[in-house]
Each structure stands twice: as structure tokens, then as C-alpha cells.
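Same chain, two partners: chain A is paired with chain B first, then with chain C.
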Partner chain A sequence: MWSYAFRRLLQSAMIVLIIVVSVFIVMRLSAGDPARLRAPVFARPDVIEQYRRDFGLDRSLFEQLGSFLGGLLRGDFGTSFRFQAPVTDLIMEALPRTLLLAGCSLAISLSVAVVLGSLAAMRPRSIWSWLSGALAAFGQSAPVFWTGAVMVIVFAVILGWLPPGGYNGASSLVLPAIAISLSILPTQLRVLRAAMESTLQEEYIATARAFGINQWRITFVYALKNAILPLLTVVGVDVGYLLGGVIVAEVVFAFPGIGELALTALKSRDYPLIQGITIVTASAFVVVNLLIDMIYFWVDPRIRQEHS
Partner chain B sequence: MSDSPKPVLEVENLSVRFPSQRGEVAVVDGLSFQLRAGESLVIAGESGSGKSMACRTLLGITPDSSRVDADRLDWKGQGLLALDRAGWNALRGAEIAMIFQDPAAALNPLITVETLISDAIRQHRGGTRAEVRARTIEALSRAGFPEPEFRMKAFPGELSGGLRQRVAIALALSCEPSLIIADEATTNLDVSIQAQIVELLRFLQADLGLALIFVTHDLGLAREIGGDLMVMYAGQAVEYGRVPEVLEDPCHPYTRGLLRSAPTMASDRNTPLQPIPGTAPRPGEAAGGAPFRARCPVAMERLCERENPGWTRVSDTHRVACHRFAAEGRGGVQ
Partner chain C sequence: MSGASSLQPASGALRSRHPGLAGNLPLWSGGVLLAAIALASLFAPLLSPYGPNDIDLRAVRLPPSADHWLGTDAVGRDLGTRVLYGGRTSLIVAGVGMIGSLTVGSFMGMLGALGSRPVRWAVERAIDIQLAFPYVLLGVAITSVIKPSVPVLILLMVLAAWAGAARIVRAIAMQERGKDYVKAAGVLGASKVRIALRHIFPSVVPSLIVLAAMQMAAMIVFEATLSFLGMGVQPPTPSWGGIMLDGKNYMTSSWWLTVLPGLAIVLTSLSLILIGDGLERRRNSARAGESEE
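On to the complex of A and B.
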């Protein structure tokens, strides 16, 4: 177990390193000359030169990468142009909110997918089956910005139950989390339902029935352990999609998270900030996939055996 | 045997039908048999003859698309077909337990041996954690599962085929049922383990007074088990009698063919095996006449095409469903 975990950890660290280097190089190639961007519009060449020296841009690319990596190791992502504050602080302020939002969205969609998908598979001609089909179709066709806007109008403007945006504790999470979870739900629901349908046909389910095991325990323990594995894989693949949804939702709901920060950074060409955010989100993707692998390992003895 | 007067299991005219393009087809068709406590019934027949499906009706676990009918399907005088879900669940495992055909498929890969067996015990017998654990260990050791205290934490995939089979047996024993259905419980095992398992089942039967239904392809094993033998073909019973009677004096051409093709029949050591020519009919194909007619060496052209033979009495305990036998006796089916 530990050697497998260690190997996967090392692998993930390598991937993160590759991400960091690629982001650094791509930013240098595409962002234009940051000194020119920051200096006053009609600055004299020697002023611009001064800016270049301040940003360390007069050194070789290799040296710059070295000091950048060194900074990262100390948790230093550089200083934001726009906010004149350490990128690390800006990210550390926004990231927990975004993680909370993403976590809530994922928790909602996973619970709905598991409960509704299982019920639909268990009772193919029931209201659950219909509801799961309807919800999947709806989530598929309604983009986050649309559901988000509609929910703001209905629940915030007309009914006044929830705040339309901003961040004021738990109530600000409800609408964006629902909007995001609706967008990631369809795939999860379909995958779980299909997996559950085929699992319920398995001979070992007949065995459980033949020994009088309660039908709920059969579905939600015996079958679910097997049917949830494909869902885990989908979640790993969908993290990118989830992040996209989170960014859109943050903009729609003026939710001060990483997505909104990223948008501000992009608009003001704040490339240290863009760089920091890109690295953090990409690493989040790697970490989530690592976690999913660990969960797999923990749930499925066949994988455990393979690696022992 | 006659010391226990009332049979525990009474089956009359049992059939299982599935919808198909050609309308409903029967995969089990008009079975009747009885079983007393401590007695055994061997069901033999080729693959696809409906043995497993017939057994599944006794637990109410035929596929959702199936239709089960019977004039009578009684367990200890209680009609099974009228049971609701709670009624079935009270019976399953506790009164009637099944050892499934293929333990690799019948054991959940993600549930440990301990959880599986304890769940069944908790469902039917209850008790404290320690009691359930003790019962689980007891069932496993009865089934010859080595070092149950340590090894019951294993997942089925971590066990050999023989051990998995023992887990399936332990599960069947765990709630002390009155009837065990062993659906080819030994088919996937090597001969030596096969013999051990048969020995174990016979021992348990004698020890606990179980009724046993033993399903097999292999008539050689029928001799080991004893009791009654029902030979099935295409969902129907074609011959029924005490095991030695049927094996010494097979009266149906299909039973004779089966005996000639069985590798474990000791009497046939010197003669080469003769497989039955042709293939088994698909469900519904054999309807309307004698089910075996297409492959039968002594089929009667008109009669066997048109009419399903009824039972002909051979002795008090032995009967056969064959037009040729009814018309000409043993000489006709030689």
C-alpha cells in the first residue's frame, strides 16, 4: 500500500513540476513584455530598462526559471501587478472559498447521482427513473451561466430567499453550488445508473437476494461498492469541467474565489497572478486524481492485489 | 424416506416461461417432485436444460422477465408463489439455501467473506457482534475453510477456487437451513476437491438432517449422493426414480445416451465415450412433441413429433416419459 502511494505521489509531483515549467515558459512566450505593460505608456527606454531590472527580466530565461522555482519552494509566487500584493496571499484568500464551492457542488451532484441513479436502476419504471432522465437531460442542455442567472432572478430577486451574489457565509454558497452541480450531474448520473443496472444483474446480487438480504442493503452496499467505481473515474476526468463550471459560476454570482480572481488577472494582464492561478488549479487537478486513485485502492481489493 | 411422512417440498407442474419473439417459451416445463427431510434429489441434464432455473423458483430469484407457474409449489405446506417480499426474505437462507453454480461469479468481489456470511446470519438469527462472529467462524469451519478466524477477512478474489466453493457452502450452512440446493457445487473443481465437497455435503446431510437438491451434469456423482434422480431435457423431466434404479436400468433413450457419454461412470471404463449426437434444442424449439425426438435414435416418427409422452410407470418409484418405452418396453429403447 505505502509503496504504491509513494510511487503515485512521486508521479504526481513530477507532473506538477512539468506543469510549473510549461506554464512559466508559455507565459514568457505569450504574455508580451511585462516591463512595457507595467511602465507608463510613454516611458523613456531607460525607465523601461529600470522596470526590466526590477522584475529580473534582464537575466537569462534559465536564471529566471531557477529563481521562480526557488520562490515556489518558499511559497512565493511573486507579486501581483494589479494588486501590488504577494500572489500567494491573493490565492490563499480566494482558494479556500473556491475549494468550498467546488466541494459542495461535487458533494451535491455525487449524492444526487448515487441516490437517484441507484433508485432509477432499482426501479426502472418508477418516478425515480423518470426524474433521473429528466434531470440528466436538463443539466445537459442548461449551461451554468443560464441556470445561475435564472436562479438569481427567482430565488434572490423575486423571492429574496438567498443573496444574489458576493460572499457572506453559507447562504452565498447555495445558489452557485446548485448551478454547478446541475452542470456536472448528467454524466455522473448516467454513469452511475448504467453501472448500477449492470451490477444488479450480476450473479452475486442474486446470491445476496437468495440469502434474504434486505433490498436496500443490497443496492446501497452490495451493488454500490461495485457500481461506484466507474463514477470515481468520471469524477477524476470531470474535475477540469468542474473547475470550468466553478469559474463561470463565480463570475455570474460575483463570488470572490479563484475564478473571479483569474478573470481580473486576465483582464489586467497580471501575469504573475495568472501564472500562480494556473499552477494552483492544474495542481488541484493532479491532487484530485491522486486522491481518486487512493480511494480506488482503498475500495477495490483487486487493485490492491495487483500492486502488492 | 418413509419415516418422515410429510414431504417438506412439494412441487407440481412447475414451469418457468420467458417472453421471446416466438411468443412465450418455457425453459422449465411441467416439473413435479417431492422431497422429505433428510432425503436427496439429484437433478441431471445437459447444459441449458433448465436445472438452475428450476432451483431458482424455490428461492423466488428467477429473472424479472420470467413467469413462474405451478399447480403447487409448497414449502412445509406453505405456498411459495403467494409469498410477498418479507415472506420470501424470511425463508431465503434460513429455510432454503442455495450453493450457487459458479462461486467466482456468485461471490461479490468487494465484500469480504466475513461480511457476507455475518450479514446472512444477522438477517436471520440476529445476536450480538460476538455471537454473529462465532457463528460465522463455525459455519466456515464446518465447510472445511481453513483458519477461519484469520482468513475470513479475505475478499473472494484472494481465495482459490476450492476455498471459494467452501465459502459458498459455508454461506449456505450459516443459517441452518432445512434444504440445501447445491447447483453444480463441484463442477469447477478438480476431482480430488470435488470428492471432498461431495463427502462434506453427505456428512452434513446426515449430521444435520438436511434435505438436499444436488444439480449435476455428471451421473457418476449421482451415485455418490443417492436418493432420487430426475433427468431433465429441454426443461422437462424425462425420467425419475431412485438413483440405483435409474442408473442400472435407464429407460429413457436420453438417460442412456447420457450414461454412455459420462466419463465418471465406473462401469464404462472399457467402452469408449459416446457423446449424444446433435445439440440441445433452444428454448421453445422442442415444444409440442417428445422433447428429445430430434436426437433420439429410437424416435417414433408420428407419435414423437405430435404428442408429448406422459409418464409410464416402470416400478413404484421409477417412471419414464417415452413413447417407445410405453409401446415396446425395455426392448424398444435398447
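On to the complex of A and C.
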């Protein structure tokens, strides 16, 4: 198992490196001069040139890449052009909030998927089955920013129950988390339902039924253990999608997280900050997928045997 | 949500009959809805007395009324008219994006299943990398190099969506590759390209058709998201996401500017999902029929 884990870890590091270097190159090819954007509007050319030197943009692309990668090895992500603060500090301030939001969204969508998906598989012609189909179709067709906007109008403007945006404790998490979870729910719901339907056909379930075990216990304990495996894979793929949803939701709800930081950084062509954010998000995706593979390994004895 | 009830599995009696259009409620209800939306945006000039960019500063941010069915926006343009014309942009962009991503996706998927070992490895890694890259950041990175425009938007959509299609095509092609008839073709001396195109690709097509409807639905949402973030269709050309971006600042005071254009997005992608669902059901029953023979 450890050699497998090590191989996967190396592969993941390669993926992150490729993404980071391509972002580095793409950003420098891009239109828009960070020095000009940072300097006062009517600044003299020599002032702008001074900014360019301060940012290290007068050096060759190779030198810039070298010092950037060298800094990375020392855990130094550089200094933000716009905020004139270490990128690490800026990210560390925003990241916990984003992770909290992403975690809450994932928790909501996973619990709904498990409960509703199992109920729908257990009772194919019930209201649960209808509800799970409707919710999946709705979540797939409604963009995050639309559900977000509708919820702000209903719950913040008309009813005044929850804040319309910003970050002020737990109540600010409710609306964005629901909007995001709705967008990642459809795949999770479909996958769990399909897995549960086929698991319930298995012989060991029939045996359990013959023993007269409570049907709720059969579904939510015996069958769920197997039916939840495909859901794990989906969560791995969803992390990238989840991050996209989080970025959009942060814009709609003016939520001060990584997504908002990323858009600000992009508008001011803040290269170090953009690179830092890309590294963090890409690593998050890769690490989560690695973890899921490991969980698979640990949960499912069949996979463990294949690799040993 | 009248359409959602049709998402239930068809009753046994309907399913066992020949899989025609009549018994397939999702397929035809989705089809009718999509046709209605497409026709409405195609014949927008006949349906609306206003132009999509007619500014009327005496009628700023009016709520829905008899004169302006969906209200007016911040510079007095008729929202309903803009939504109709916006449908043209959104549907064309999503359609072309879907075709592009399926083309690239099938090509890469086939390569990933049938190519030589290093090619297969490279395709797998490319899919991994693509899936690890948050598409919104990809969008921003690209639109900072090239000015946002419709072709750039389509390129972006293809870049963001090809990997999903490639994964599915690859999985099917890998399955098919191991079958006897494919091996037989190889033994008979058929070239790799011939095997891929004549023998394996036909078994990918049914899934590709279902995928086309689902991808198109995703593309509608995706176009809207990118335009909403300012990376898509540029003003004053109306597109559904762009119209919502215009209304974003008035979200709390003029609800119709965000809620109503979004409804067009939801209905369109819902119709496509219904079509995809119906197509999948038809494919499954056709497959069940095959195995009975």
C-alpha cells in the first residue's frame, strides 16, 4: 500500500507543478501591465518603471520562474503586488472561510444524497423517488448564481431572516452553502441512488431480509456500506466543480474567501497572488483525490488485495 | 415544476412496449419545451415591439407590467426582449461549445483507449490535469490573455468540458477493445484507425447522443456563469448570463432583473436534461430488446 501511495503522491506533485508553471507562463503572456495598474493613473514612465523593478518584472522570464520556484521550495509564495503583503498571509486569511463554506456545502449535499437517494432506492414509486428526481434535475439546470440570487431576494430582502452577504458568523454561511450544495447534489444523488438500487438486489440483502432484520437497518447499515463507495469517487471529481461553485457563490454573496481574492487578484494582474491561489486550489483537488483513493483502499478489502 | 414528475421511471407497461416516442414522456416534453424556447428566440423580432438595445430613460427599472412583460432594466431596455434575443446567443454558443467538446472529447477518449502506451498515459494525465484545474480560474487566465469574445468563450467551454466526454468515451472504448469481434478484426489485418472508426466508434455513438443533450444543458449553465463573471459575451450583445450580470447590482431593489433571465436558463437546461433522460431510457430499452433476441 505504501508504495502505491508514494507513486500517487509523486504523480500528484507533478500535476500541481505542471498547472503552476502553465499559470505562470499564461499570466506573463497576458495583456495588462501590473505595474501600470498599481501606479497612480498619471504616473510618469520612470515611476512605472520603478514599480516594474520592485515587482521583479524587468528580469527575464526564466529568472522570474527560477526565483519563483526557488521561493516555493522555501515555502515562500512571494509578495502580492496589489496588497503589498505576503501572499501566504493573504491566502491564510481567506482560506479557512472558503474551506468552511466548501465543507458545509459538501456536508449538506452528501447527507441529502445519502438519505434521499437511499429512500428513493428503497421505495421506487414513493414521493421520495419523485423528490430526488426533481431535485437532481433542478440542481443541474439552475446556475449557482441564480439560486443564490433568488435566495437572497427571498430570505434576506423580503423575509429578512438571514444576511444578504458578507461574512458575519455562521448565519452568513447558510445561504451560500445551500446554493452550492444544490449545484453539486445531482451527480451525488444519482450515483448513490443507482448504487443503492443495485446493492439492494444482492443476495446478502435477501438473506438479511430472510432473517427478518428491520428494513431500515438493512438499507442504512448493510447496504449503505457498499452503496457509498461510488459516491466517494464522485466527491473526488466534484472537488474541482465545488471550487468553481464556491468562487461564483462568493461573488454573489460578497463572501470574503479565496474566490473573491482570486477575482481581485486577476483584475489587478497580481501575478504572485494568482499563482499562490492556483497552487492552493490545485493541491486541494489533488490531495482530496489522493485521500479518497486511500479511503477506498481502507474501506474496500477487494481493492486492498489487488495491490498487494 | 410540471416537467419533473416525468422523471419517474416509465411504468412497466409502457417500457415493455416498443420504445417509441409516444411512451417517452421526458423525451417529448423536453423536446417541445426546447423547441418553444428556440423558436421564440429565433422569431424574437416578431414577438416583441422593442429592440434588444433600445434605451428608454423614461422607463428605467420598471417592474413587470402589460407594456413590459418582464419589466425594464437600469437603462430602460425591455427585459423580455433582451431575454428573447439573449436566447439566440446563449443557444448558439452552448450548441457550438457542446459539439466542440464532444469532438475533442471523443478523439481524446479514443486515443486514451486505443493509442500506444505512452499516448494512453499522456491522455490520462491530461484528463487528470484538466479536472484538477478550476474552470473559473482557467477562464480568467485565458480572458486576460485574449479579449473576451464569443469565439474565446466557446474555446473556453471546450477546454473546460472535453475531459468529461473523454472519460466516458475512453471507458466504453476500453470495454469494446477486449471483445472478440474487435480482436478478430485485428487478426484479419484491419489497421488501428479502421478498427477505431469502423468497429469501436459505432458502439460509442449511442452514449455520445445522450451525452450531447446532457453536455448542452451543462453548457447553457456554463455560458451563463462565465458571462455572469464578465468573461463571456460582452455587452451590449444580450446573453442570459450577461443580462443577469447587468441586474446584479439591483438584486435587492429590482428582483426581476436577476430572477427572470435566470428562469430562462433553468427552463432551457431542464428541457435538455429531460431530452437526455428520455434518450437514455430509449437506449436502455433498445439494449434490453437486443439481449432478449
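Here is the rule we use: the second predicted complex is superposed on the first by the 271 of 308 C-alpha atoms of A that agree within 3 Å, B and C clash if a C-alpha of one lies under 4 Å from a C-alpha of the other, contacts with A are read in each partner's own complex, and residues count from 1 in each chain.
By our rule, a contact is a pair of C-beta atoms (placed from the backbone, for glycine too) under 8 Å apart; a residue touches a chain by one contact, two chains touch by 3 or more.
In this text the structure is predicted, and so the values were computed from the model without any measurement.
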Chain B versus chain C as contact partner of A:R217, first or second or both or neither: first
Touching partner for A:I277 - first (chain B), second (chain C), both, neither: second
Which of chain B and chain C A:N226 touches, first, second, both or neither: first
Partner chain in contact with A:R7 - chain B first, chain C second, else both or neither: neither
Comparing the two partners chain B and chain C, which touches a greater set of residues in chain A: C
Which of chain B and chain C A:P164 touches, first, second, both or neither: second
Chain B - residues contacting chain A, complex: 56, 59, 61, 85, 88-94, 97-98, 100, 102, 105-111, 119-120, 123-124, 155, 157-158, 171, 175
Interfacial residue positions of chain A with respect to chain C in the complex: 11, 15-16, 18-19, 23, 26-27, 29-32, 124-125, 129-130, 133-134, 136-138, 140-146, 149-150, 152-153, 156-157, 164, 237, 240, 243-244, 247-248, 251-252, 259, 262-263, 266, 269, 274, 277-278, 281-282, 285-286, 289
Interface residues, chain A side, partner chain B - complex: 202-215, 217, 222, 225-226, 299-302, 305
Residues of chain C defined as touching chain A within the complex: 1, 3-5, 7-9, 125, 128-129, 131-137, 140-142, 144-145, 147, 217-218, 220-221, 224-225, 228-229, 241, 244, 248, 251-252, 255, 258-259, 262, 265-270, 272-274
